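Shown next, in structure tokens, is the structure this report addresses.
Chain nomenclature is as follows: A, B and C, assigned in order of appearance, with residue numbering initiated at 1 for each chain independently.
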Amino acid sequence: MNAFQAEDPLLQVHNVTRYYGDRVGCLDVSFDLWPGEVLAIVGESGSGKTTLLNCLSTRLAPTTGAIEYRMRDGAMRNLYQLTEAERRLLMRTDWGFVHQNAADGLRMNVSAGANVGERLMAIGDRHYGNIRSIADDWLGRVEIESDRIDDDPRSFSGGMRQRLQIARNLVTRPRLVFMDEPTGGLDVSVQARLLDLLRRLVADLGLSVVIVTHDLAVARLLSHRIMVMRHGNVIESGLTDQVLDDPREPYTQLLVSSILQV
Amino acid sequence: MNDTAQIYDQGEYNFAYLDEQTKRMIRRAILKGIAIPGYQVPFASREMPMPYGWGTGGVQVTAAILGQDDCLKMIDQGSDDTTNAVSLRGFFEKTAGIRTTYETSEATVIQTRHRIPEKPLTEDQVLVFQVPIPEPLRFLEPRETETRKMHALEDYGLMHVKLYEDIAKNGHIATTYAYPVKVNDRYVMDPSPTPKFDNPKIDRMAALQLYGAGREKRIYAIPPYTKVKSLDFEDYPFEVQTFDKPCGLCGAENVYLDEVILDDKGGRMFVCSDSDHCEERRADGHLGPMAASPEAGQFGGQNAQETAR
Amino acid sequence: MPVRLYLNNVGKSFTMHLQGGTVIPVVKQVEFSVNAGECVVLGGPSGAGKSSILKMIYGNYRCDEGQILVTVGDEIINIAGAEPRRMLSLREATIGYVSQFLRTIPRVSAEDVVAEPLIAQGASEAEGVDTARALLSRLNVPERLWTLPPATFSGGEQQRVNIARGFIAHYPILLLDEPTASLDAANRAVVVRLVEEKKEKGVAMVGILHDQDVREQIADRIIDVTGFAAEAA
């Protein structure tokens, strides 16, 4: 594994700022993300972490600033200068987006198999048998029984839906996955299982991940690096364990000291 | 003044009901549709003196293309003399005063609801379809803004999701009508609720096909001899329905049949959905197994209801 | 022997913003070096800052002042102020850390926990697991536990799993944070032997060891940290 030796960053974020009218969403955020790196964005509600995530994932145009991404051919491209067709292709092949609420990321009225197979069909796979066997394989990897392949996600538990959403995103072997509170709203034991699964998949596939969470335990388990946001600003960033064990900013110290010890 | 504009006395209609400006607007939409086969062209659909769902889209298209010398045939699910066909034929007889016919080969314009005649059409004919919901992606993606983008970007993976679901749930592609097609290798299109049995007829058809959706305000077209491919999977290729019996009245095989209930004791028969085709064959002396039966006589293959859904 | 690690004028303090901005000085002007094949033990009472020094070397604590230099091949890298990914790559290949406490990961078996650092350095999965089993066996972790996640193990068992994890891979620099605390005599002897083996391979080690007996066996030098004490501001 050469995750930390790669020469070139996968994503470069330059001074991204997003205003909502006069109000600040996020302010002057810059960072690089390398292949295989997991970056956690933490902060309380309203700190701008979701705004930033949406800007990065081309779901919300920044007011100013630029975001560049290294395409599969090695070329750096400004995400907001891609054509809509290029952007969509990127989003359904090279990227994933895991929503907090699985229903936002799944088609709730089609079967689990079709949910996983959709991206394959979107990129032109026209062999039912192949699509189905790949979908089946991915359901296995996210620990969903084969016999649920034809069931709608409506009949799935919250944890299963979230795992299905992950399979749906990973089936095209993306290089970058955005996650918005992927374990939010799940009960603790379900959360632990999902986190472990994510941790393994991320390591096995060498994924780069930008994960938004308010849960510092999630950040500690999954991420290499952390950015703490407050009022739209990145106030502290660095190695995950360094920021959590030796927090420097008053707000970070408050966050860390607010964790309940079990 | 063109050949369909007339000055009538007060209280009378312009030729074929619509005013000339409206016809021009619709003709422009039709021309655009022909230029971009399968693309849904928005148009300013008018209120027609009949309810939505009765073919207001098809009627407007027909009204816009009819000339004084045209001969019009009206089909409702294959039949020339069920309510919808009779009403609309009457409408044009009254407002345009043109010739109408039951015979496929005699007609220059054929407006149809949910069937394509069995007899091959020619370059001199225009087939006008009545379309309820023109958007093939609608049931999977309710947002119009999104479906338009999907068409623009040829982002059609979702269409196969539907077919995948069919196979997963039924073991085969169970969609039997409004079966999605790709026109000229570009636009995915809903061929209106015709049975998929008729899809092969759409492919490289000699006649011009025009599709009108009045409530949804869309017109689309397939020019003559355009490639139209029914969507499918490599390992589950497109297939049409087959019937294990011939038409009960005329004995025709390889045609689309309707089930007709004869009594309340389970008696039934299958007859040609295309009533003109059936009558023509019977006139030529073809007889089916039920032709002589007294129950069959009262139907004559003309009040048939489509049941193949 | 070449110098592997050099701390130059290192200082550290904590500012407790939640306690009205109290500044707690920890150490200042820390200066020592460690050669390849040498084990340096940090001495001094609790609270003298031994652990903080170790954590600064591992990048777990920030280094406020001075330099922490490590040799990686022909390169000399300053850990104080290293980019996160540089630090992660150092942790993967250059600096190992053996601590008392295991941060358990749900659903990962003991042998996989142990094998992970070796596999991260490029060993095959089979090789990693074989080496892990051998180490667990040397440290007297019962075989029936190897395939179970260590979350439910006793404190002593968890500690030995963690020691195995710390020793399995080859790091030119190894930090030992009380590895023998609360171990029985037999297992202490195993750890002493593991340290000896590392020395033979030229590993530079910095340790904190309260156990007098073990300290005498493995320490080549003892540095009294009280000399680096920082007075309260």
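Points worth noting:
As a working rule, contacts are C-beta pairs under 8 Å (C-beta built on N, C-alpha and C of every residue); 3 or more make two chains touch, one makes a residue touch a chain.
This structure is a prediction, so every number in the text was calculated from the model and none was measured.
When every chain is reduced to the mean of its CA atoms, the largest separation from subunit A belongs to B.
When every chain is reduced to the mean of its C-alpha atoms, the one closest to the centre of the whole protein set is A. Computed from the mean C-alpha positions, the centre of subunit A lies at a distance of 47 Å from the centre of subunit B.
Subunit B and subunit C, compared by their mean Cα positions, are separated by 78 Å.
Distance from the subunit A centre to the subunit C centre is 32 Å, each centre being the mean of its Cα atoms. Within subunit C, contacts with two or more other chains are made by no residue at all.
Looking at the complex, you find that subunit B touches subunit A at residues 140, 149, 152-153, 155-158, 160-162, 164-165, 167-169, 232-236.
Of all the residues in subunit A, the ones that touch subunit C in their complex are 1, 3-5, 34, 37, 192-193, 195-196, 199, 221, 224-225, 238-239, 241-242, 245-246, 248-250, 253-254, 257.
Taken together, the subunit A residues at the contact with subunit B in this complex read 84-85, 88, 92, 107, 110-111, 113-114, 117-119, 121-123, 126-129, 131-132, 149-150. Touching subunit A in their complex are the following residues of subunit C: 14-18, 55, 59-62, 84-89, 92, 105-108, 120, 122.
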